[in-house]
Amino acid sequence: MTTTARPADSLRTWSIDPAPFGAAPGRVLVKAGRTIVLCTASIEESVPPWMKGQGKGWVTAEYNMLPGSTSPRKGRDRGPKIDGRTTEIQRLIGRSLRAIVNLEALGERSVTVDCDVLEADGGTRTASITGAYVALVQALRSSPGFANGEPLPLSDSVAAVSVGIVGGVPTLDLDYSQDFAAEVDMNVVMTGGGRYVEVQGTGEEATFDAEQLAAMLSLASRGIAQLSILQKSLL
Amino acid sequence: MTTTARPADSLRTWSIDPAPFGAAPGRVLVKAGRTIVLCTASIEESVPPWMKGQGKGWVTAEYNMLPGSTSPRKGRDRGPKIDGRTTEIQRLIGRSLRAIVNLEALGERSVTVDCDVLEADGGTRTASITGAYVALVQALRSSPGFANGEPLPLSDSVAAVSVGIVGGVPTLDLDYSQDFAAEVDMNVVMTGGGRYVEVQGTGEEATFDAEQLAAMLSLASRGIAQLSILQKSLL
Amino acid sequence: MTTTARPADSLRTWSIDPAPFGAAPGRVLVKAGRTIVLCTASIEESVPPWMKGQGKGWVTAEYNMLPGSTSPRKGRDRGPKIDGRTTEIQRLIGRSLRAIVNLEALGERSVTVDCDVLEADGGTRTASITGAYVALVQALRSSPGFANGEPLPLSDSVAAVSVGIVGGVPTLDLDYSQDFAAEVDMNVVMTGGGRYVEVQGTGEEATFDAEQLAAMLSLASRGIAQLSILQKSLL
Amino acid sequence: MTTTARPADSLRTWSIDPAPFGAAPGRVLVKAGRTIVLCTASIEESVPPWMKGQGKGWVTAEYNMLPGSTSPRKGRDRGPKIDGRTTEIQRLIGRSLRAIVNLEALGERSVTVDCDVLEADGGTRTASITGAYVALVQALRSSPGFANGEPLPLSDSVAAVSVGIVGGVPTLDLDYSQDFAAEVDMNVVMTGGGRYVEVQGTGEEATFDAEQLAAMLSLASRGIAQLSILQKSLL
Amino acid sequence: MTTTARPADSLRTWSIDPAPFGAAPGRVLVKAGRTIVLCTASIEESVPPWMKGQGKGWVTAEYNMLPGSTSPRKGRDRGPKIDGRTTEIQRLIGRSLRAIVNLEALGERSVTVDCDVLEADGGTRTASITGAYVALVQALRSSPGFANGEPLPLSDSVAAVSVGIVGGVPTLDLDYSQDFAAEVDMNVVMTGGGRYVEVQGTGEEATFDAEQLAAMLSLASRGIAQLSILQKSLL
Amino acid sequence: MTTTARPADSLRTWSIDPAPFGAAPGRVLVKAGRTIVLCTASIEESVPPWMKGQGKGWVTAEYNMLPGSTSPRKGRDRGPKIDGRTTEIQRLIGRSLRAIVNLEALGERSVTVDCDVLEADGGTRTASITGAYVALVQALRSSPGFANGEPLPLSDSVAAVSVGIVGGVPTLDLDYSQDFAAEVDMNVVMTGGGRYVEVQGTGEEATFDAEQLAAMLSLASRGIAQLSILQKSLL
């Protein structure tokens, strides 16, 4: 949890690597500082019953934190009621991916991307989105429909980063201790081409002005540009 | 559900009135065009067990659409699993209110604000927030702690409006047919003083650029200023 | 909650009016004193899978109290388990309606009547039944099968009222304070033609004799006759 | 399922015997024709937390049909949602018992009566109530508070029977085939002293008039008088 | 619950009798000392949708303890979550039966065996398996496919018994007080022909050596041979 | 999934390494061929309310397969009902650990061991137990009570392996393809000292004789001896 030397406008150290375990056709381990997420993508050559016959595919995501990813231990999301935060995050990941997928070109196929947090030090949802894109591409390439060099049904790449106001300073890519101290917390999802997919800024028990909003958006844009390059280098 | 003549940069017709039914100390009927939401606020002179003894209060919200608020009928949110959309909306309403409540000054009291949609024509979550603030003030004034002219534990007012890109045009306060057609949908929550509380922009199967974002934020800011005046007129 | 001047053998002030909000084809606001219920009826031109091909329709009901309908606030019926009282009431409303509907003449259509209590001051289930009948008629008239003056698939009207023994006195149409004090509580559902549909008398921690039963049934019969006239005046 | 020779105004063959198995202090096997119910009553020398310190006791009931009690097999009431019919019946049994129990005289004790249907041929809820009373008495006598001849905290006995209109004929104690064919079905609960505890008459898809109601109540009264004698003979 | 005189290598007194109640085609009451289980078997002339068209049948089991089977009362397995112990036991019963059923020869039929414990004094799962086999045979003989002397789709009979180490002594057929005191508890399921179906030995907070394991297996084998003879005598 | 060259009496290649991610004080990655399980152990300096004041601790386990651990994808164990297989496995892991933990010497502490399967190729429950022991030791050493060289509250080590009959051949440490083909499947848990903790042999739709049982137990004993050495080498 050392964040000492990093300037407020710099990303943490990020890496995206093929995951050394798992059986899903798409699988990467994404690291953002001490946050480590396993993103796996599975593909089925069919769609749910209610989508049959429309010639369109579907992309969905699930998010989960492993109990050992935090200390003290995080209880599992079992039982009748999934935690509201979990629901929000997995809906966000799914929307972010669908924004750059051409569902018609995907055809009657379903992709499920699973983001399982192995270690949590802030920014797990943005690391998830950034890794999920890479796993999605891997899974698509394993499908009979796209395995032989056919163009992938994607209009662009997608990545995400968090920004915030910490002690009055607009800050990029917050780790847990920064996130905990932040007055404002914002998650930004953008395409490789620099267009917005999602902007979610929130000031729990606080507010922010237009200038701060602009500063955060600018930091996010620069961070995501770097992450987009990292994604491309792997694919 | 035709809203033909309204310019893209104008609010629908809004009203906030005391609700003619209900037993909760705070209760208003908020109308935004054909969207009608009953906001009631109840107050308890205690906090949940896990907050006891901290000298702080709590504010939470629940959101619900009545089955008859839409045609065809909307099924109730009963059973083991609350719909993800419902969870997201009620968390947003709660955060928006807490952004302007001083929980220490509230003392060991709990306020629950219920937003029950009686008729749905787009923008139910922003109408809920805008009405919830008024019901919250009413409920606080009914509490022994604030009934005799004591200053309310509020730092500002809060209101919300939706904006979007419809057919390429930045548009304020979308009704259902506009929302359905929109490329981008954004909900903005701001204080009466003009500071941001939440900014949630999303492009399901679409994206947006920085210029469009700026245009939407500008429209939202103007709309919310008008709604803040409407709120003040009632209180 | 003032019940001062009303004689024990008189109804409270009742009204049934078209609801000024909602999108369901049938919708009324029924008031019995301070008890206010929104009854909406929705119709689908199909039946559940297990009823297909039998040439019969189905009528069902749901009942709910809004959190702001009482003070202190009533918690929502969410989560894995619906409250036993709610289940009993909505089954009663459904049976009462089906007693006067000819399901064969209805054809393969489904009607769902929703009774949402906006303010609760006793007798919510009997107000619900009385209003549900009116909403049902409105919804039927909106269906392609009955919109052009075809005879409705109804054998009679149906209405309901509560009676009880309060301080030894047989009493009609109990409000909450009377219900709370009552030794015996009875709900009676009858047709416009004066036939019984349901008789449910119960003495929680008390009992009653044949004479008291007869007195209560007589009061109920008179009250329901008045409510049947009120229903007819609206339709 | 032979009901041939029995006159419409006669009870089926009933018996109440000590159950030859089980570990609960109260346990009887009640038979009404081919309907067989195991009623067990357990007693705890404490009350639920929310009743502590009031000097009062509590009596509650649970009802269940064993899968092998019917053919075809009846699925178990497991899973998130208890069947509405089950809920109604167990609430009815509990209220019926509490009507003759003096909860203050019971003291801070809890009695749970379980009615498990071993074979179902109509009238399981009324057989349950009739047997539950006997099991309750047995359990009370096993409690330190009442084991040495102290007066039991009961104001009377309680028993129940079903009545109905079958093919136009008022009929007592319906078996399954009669119940299935009945136009009107009524359950009546009365004390040994002849006072009403519950009257629940219902005409699913049918109605009934005052004369039929009187005939059914008269039959029920006679039947319950006989059952009360049977109960006394065992205790 | 005294079991004083019985030697450690002897079975308790066992009996298997036709159940005097219930409507399922297979039904027996199995007693092992004071443990009494009702085993009923129901048969359907169809299989679940996902098995259709494979020409195979299915056999499954459910296990349940009645609340009055123990003192103090055992709460019902209702609500969202079935107890882990219940799940384990009913899976064990189902596997034990399927080990001797030829599912192809059964044809597209489903058998459900229900084991409801009426009184519990240890060894309920092994009594359930031993009785379930007899109920299964009865149910098969009631099916049109096997009612006229056709060979049953069974390769052998199956029975079960518990063994354990109690106070250092290998002991057969433990009652509750022995089970409670046992260092090691083992359930053994075998065919009439003397082959193993399941061996489940467990030392909660204890361990056992190879010699003890051999002694327990030897006792179990002898006990099951006796139970197999008892089963045959009934069929 | 190649198992070609390995003799039937040999273990797969096993390793146990400190996990390179996670925040729990105990964490290892255990590999048995292509089966890879993350075992993390968390410790709390308190016990659940119902154990308070007894001077004893508690050890429990949870088991989970990640969706990407298999292909096709394995659905998550969310929702109202945990899968029966999951329940059985996590109860087995917990019992196996408690067999070698002295709960009194542990003191009022709780250890939760989480076994999350990252890749599944057979034997996930036995790999989980073998890894869980190592994570448990690591977590205990991190506790204030045992961090300074105090003796750990453990009577021995514990490890597990699967054995079975595959094509008639007693086989050690089955991978998925062997497990799928096996006539008999047995899981054996033993201490480092060579004593049995659990023996669970099962022949779904098959049976086995005493000689086969002896052969399997012999193989298991040898395999576990090797795994115990591997565990010791790490600690």
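Per-chain numbering from 1; labels A, B, C, D, E and F assigned in written order.
Just so it is clear, a contact is a pair of C-beta atoms (placed from the backbone, for glycine too) under 8 Å apart; a residue touches a chain by one contact, two chains touch by 3 or more.
Computed from a predicted model, the values in this text were never measured in an experiment.
In the contact between chain A and chain F, the residue numbers used by both copies make up over half of all numbers at that interface.
Put simply, chain B has to spin 180° for its C-alpha atoms to lie on chain C, with the angle rounded to a multiple of 5. Separating the centre of chain A from that of chain E, both taken as means of CA atoms, is a distance of 51 Å. Per-chain Cα centroids separate chain D from chain E by 33 Å.
Rounded to whole angstrom units, the spacing between the C-alpha centres of chain A and chain D is 59. For the pair chain E and chain F, the distance between mean C-alpha positions equals 28 Å. Shared interface positions of chain D, defined as residues touching 2 or more other chains, are 79-82.
Of all the residues in chain B, the ones that touch chain A in their complex are 80-82, 84, 87-88, 91, 95, 98-100, 103, 156, 186, 191, 194-210, 213, 217, 221.
The part of chain D that touches chain E in the complex is made up of residues 21-25, 27, 36, 38, 40-42, 44, 62, 64, 66-73, 76-80, 82, 112, 114, 116, 118-120.
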